[in-house]
């Protein structure tokens, strides 16, 4: 992208009208700027332009120059254009002064019809089963620019179908139109050059280089940019037709990057998550890890009913009963006997309510669970909590988020803490045996999934996952972004902020909060960084509210404590994985 | 603009209304008498008489799935019928055909295909929209059940109603 | 009061109620459906039993087995009371109507009171309570409107009803219904001057006010029994069924029963007052043998059946009146006609009386 | 045996009930009903007197029953007028409570 | 009439008469009054006054009370709210009524003629319609005419009263 503000402007005539576009703009982009759409397959604005699909052909010309090197003018006083007799591709050509372009002349239309006919010669036309149907460029351009009938009588070339390119991508070579977008993506964005064309002519096929697989963490982006149904997501393949999907703009919560996404749901079932363009955060891409990280919302161990411990057993209860039970249990203790472990996966609204809860109970022990894992240089962040910055701003603690966790664990072990509130986290992250947690007189758990430790809780409050609620988060670079509700929670599970609000009201406080927007309004009134913001002002693309260089000086990074907590997490996960594998080997089902 | 229909001016005899009432009574009695004497043609006596044999070809009865000559379920679960269905009576769960299967090339088939006949309005949109000519409205019209669940036609029932449809659809032909 | 009187009265009550009126009510429903079907070129219920003759039994079972639903907002006590009040008056009224001459010397009338027709009017006027209370207790808009309509309609048409029959009793000189029948046996039916002593010219003159009287009475009976064209309290199109909208199962059945029982009673009174009761020219009364007693009863109910058919015939011919038309008809038309008719008869009367 | 005094007692009690109703209730429509009760108590006395004063022909004294007839007629007219006034009042004041319509001037 | 039936109907009349006064719901009051009137009609018939009894049912139960119900429903009068009872006024009203009752009873007890039982009639079934009619049109003709005029005046009055205000 050329730097638009400083580049000199060129005059360019598009379909007979003069416009001014900055120097360095590609013709196809210049047309797009003024609202003239030029069809394209191989061209993608974030990738290089090979110009191999020939769909973006236009007529191009330059003013005829007189002997004085000035454009000659016709009788109507306008420059006379010397049209190039052959059509040109618009995606590989930058604009130049005085250039003229025709995008809908008879020649252009003829060319587009011809290209479409060529592309469809060997295309299987299996739209009824193709997952791309409904968002397929071949379908759309065929309608807009193609012929209604095929003149092709011969047999079509048979190519391999159902080619497994990698663990997450399946290829149907018959549908491929050889645009090479995927190849260029792997080379230019993912830095993992695994794809290429082999064979010649009609028999050219896309394939992975021998001995290589398309298994990098960004492989599913090739599915997004494939203009036809050749590259398909193995996960989404044949699951649902795209026109049924309700698209909700949201963000990915799998790491601190906060890639902007579109969640596709139908009747409260999430089918896929695709990246949404935001040049400040994720460009057009997102990682496979984050993209597929929504399955846990339908896990078998999802908590569906509020539960109360009675006679040593957890019994399903209704919400008012569970909330009042939780508040009664909490009110037995003074502030320094209670610990609240919140989560960096909670939204700002929920964190604010948590901090209010802590305030009205007088709780000092409050922190979140840190998550550190190796990141990459592309999108994936080291910090796997999506809202560490939100916790840092809103919880108002004097140390780095996650640093106090081990101290809380120690206090629980020593019996100093009598009541433990786990919000959206597994209590095993504290690094102590379940039996010890079972000794706690009060152990309130609000979470999405049931874990071993959940069985020992005195009150269980089923909450919502990221796709089931509204809220805001601050990503690793200090950008405030919005989550939107794509699906309703299953069973009797409830929006987190409502649970926290009710709990807050039950222990005395938190009045006149009737929506999560109200909570955000309170945040904007109390937290300086949020001043003047509202939910609607955040917008779909977010706002930058935090410059990461200027972290508050009151937050010295407590690296050692965080590292300790993360290590316990990793150890837990390793043990869990081993147990899982052992069970799997023995053929034992989960739980 | 509304039209005001002028009220007819009635003379005193008409205003008595008696002749009109008597005439009305005569008409109804004539019908009664003709019926009693068996002169009136009555409607078809449904369960005994049916017009099954004379149903026209375009009759829109229960929708059904058909198989092709090879016994393959023609439906490829494209869900266009589910999309177009005005009362949303159709529910499809798609599945993938395993690669060892004879029809592996087709790739996709309906794992479940339910038509809720309580909802179905026999509009024929599904038949019209189907790109595979897999769903047809057949001549069954007496669809009954004791429960709501009974009234949901599952895939087996639909295929049973539909039977085999002969016709040249070369799309899934290996050669073509 | 001897035991013979009590036993015969009980037998008469049971006989007339369970052997005649109740089957007649259920078959009146069947007949209504068949007649309406025939008039509309349909067949009507013809499935249960031969020609659908067991349809009333099936209907009865259906209504018995339906869920008996009481709306939550209803006034429960009155909600239960109302359907009973709707049936009761219609059935009590039959007590004073002579439905036969004599059988084994026992007069075929349950109670031959000397204020006969007044008794009929008095009890029939209580019939409105079932409808009004039902409409009110349902605690629902449409039934309530139906109840209101019904109360005003009944009050209005009771006047014409009462005044219409005054000529009959002026001629007879007695309020007893048996004496009305006796008078008609002696002097010919009121409605049909050619029956009886047709030679008397004054009788032909008397027939004119009698026919007027008959028409006004008949129309008032239509209004009192809520039959079309006066069925405004239960107008389906306007009131979604009117006062009985919220009733189900046997409560609804009781309303239905009440309506048809009222129709049968009304027909019986019409037959007694204008068609000579159980009398038919040429057939002697019950004192000539029990077989004639039975025939007299049969003659009476045949006449009643004819009148009921007329009820149905009218229902399926005429459309419903508007409420203001109904009120105007009642107060400005039939009331005056009935009143003038009385003067007319009074003028003729001196010439007839010996 | 039932004597005249029994009827008169019933009549008296009924009259007292009606009287109490007029005194105690404030709803105009109930007061009208209580008035009816009192009138009918009087009717009962009159009919009882008529039956217990048999004239030489062995017939009851019908003068009393004629009175009853008059009372019923007048009562019916009274109720019609009373209810019409009540409806007019209700239209004007949306109430049937005598307490609310005690002012001298509307 | 047997004493048993007499007391049954007398109690019916009195109890439902009392319900009229006690009930707070106007519709319930009106319906109680209907039952009370029916009991009264039965008492009339026990006194061999069939005509008056029937007229009682016809006029009161059949017409007047329907009119009451109609008005109650038309005005949509609800049950009165249970108000703070003015005990003084209530006690006063009840007291006056009770004093009246005691007085009536006292007077009745001291009439000798009131102790008599039913005097026999010449004919058990009298044609009282004819007899009342005869009395009405002979001895009481003038009052009858006056009552007729009264009813006419009442009719005109009702029509005038219920007419809406002319605009």
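Which chain is which? They are A, B, C, D and E, in the order written, and residues in each are numbered from 1.
In this text, a contact is a pair of C-beta atoms (placed from the backbone, for glycine too) under 8 Å apart; a residue touches a chain by one contact, two chains touch by 3 or more.
Note that this is a predicted model, so its numbers are computed, not measured.
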item	value
Reaching chain E from chain D through chains that touch each other, fewest steps	1
Partner chains shared by chain B and chain E (touch criterion as defined above)	C
Most distant chain from chain D by Cα centroid	A
Most centrally placed chain, judged by C-alpha centres	B
Far-end chain from chain C, centres as C-alpha averages	A
Higher-contact pair (C-beta pairs counted), B-C versus C-E	C-E
Centroid spacing, where centroids are CA-atom means, of chain C and chain E in whole angstrom	29
Inter-chain centre distance, chain A versus chain E - centres from mean C-alpha coordinates, in Å	86
Distance between chain centroids, defined by C-alpha means - chain C, chain D (Å)	33
Distance between the centres, which are taken as Cα means, of chain B and chain A, whole angstrom	45
Residues of chain E engaged with two or more neighbouring chains	51, 55, 63, 67, 74, 128
Interchain pairs in contact, sorted by label	A-B, B-C, C-E, D-E
Parts of chain C lying in touch with chain E, wherever the complex brings them together	78, 113-115, 118-119, 121-123, 125-126, 128-129, 132-133, 136, 144, 147-148, 151-152, 154-155, 158, 174-175
Residues of chain E that touch chain C when the two form their complex	27, 31, 34, 50-51, 54-55, 57-58, 61-63, 66-67, 69-70, 73-74, 125, 127-129
Footprint of chain B on chain C - complex, ascending	35, 37-43, 313-314, 316-318
Interface residues, chain B side, partner chain C - complex	21, 24-25, 27-29, 31-32, 35-36, 40-43, 45
Contacting residues of chain B [partner chain A, same complex]	76-80, 82-83, 94-96, 99, 104-108, 131-132, 171, 175-176
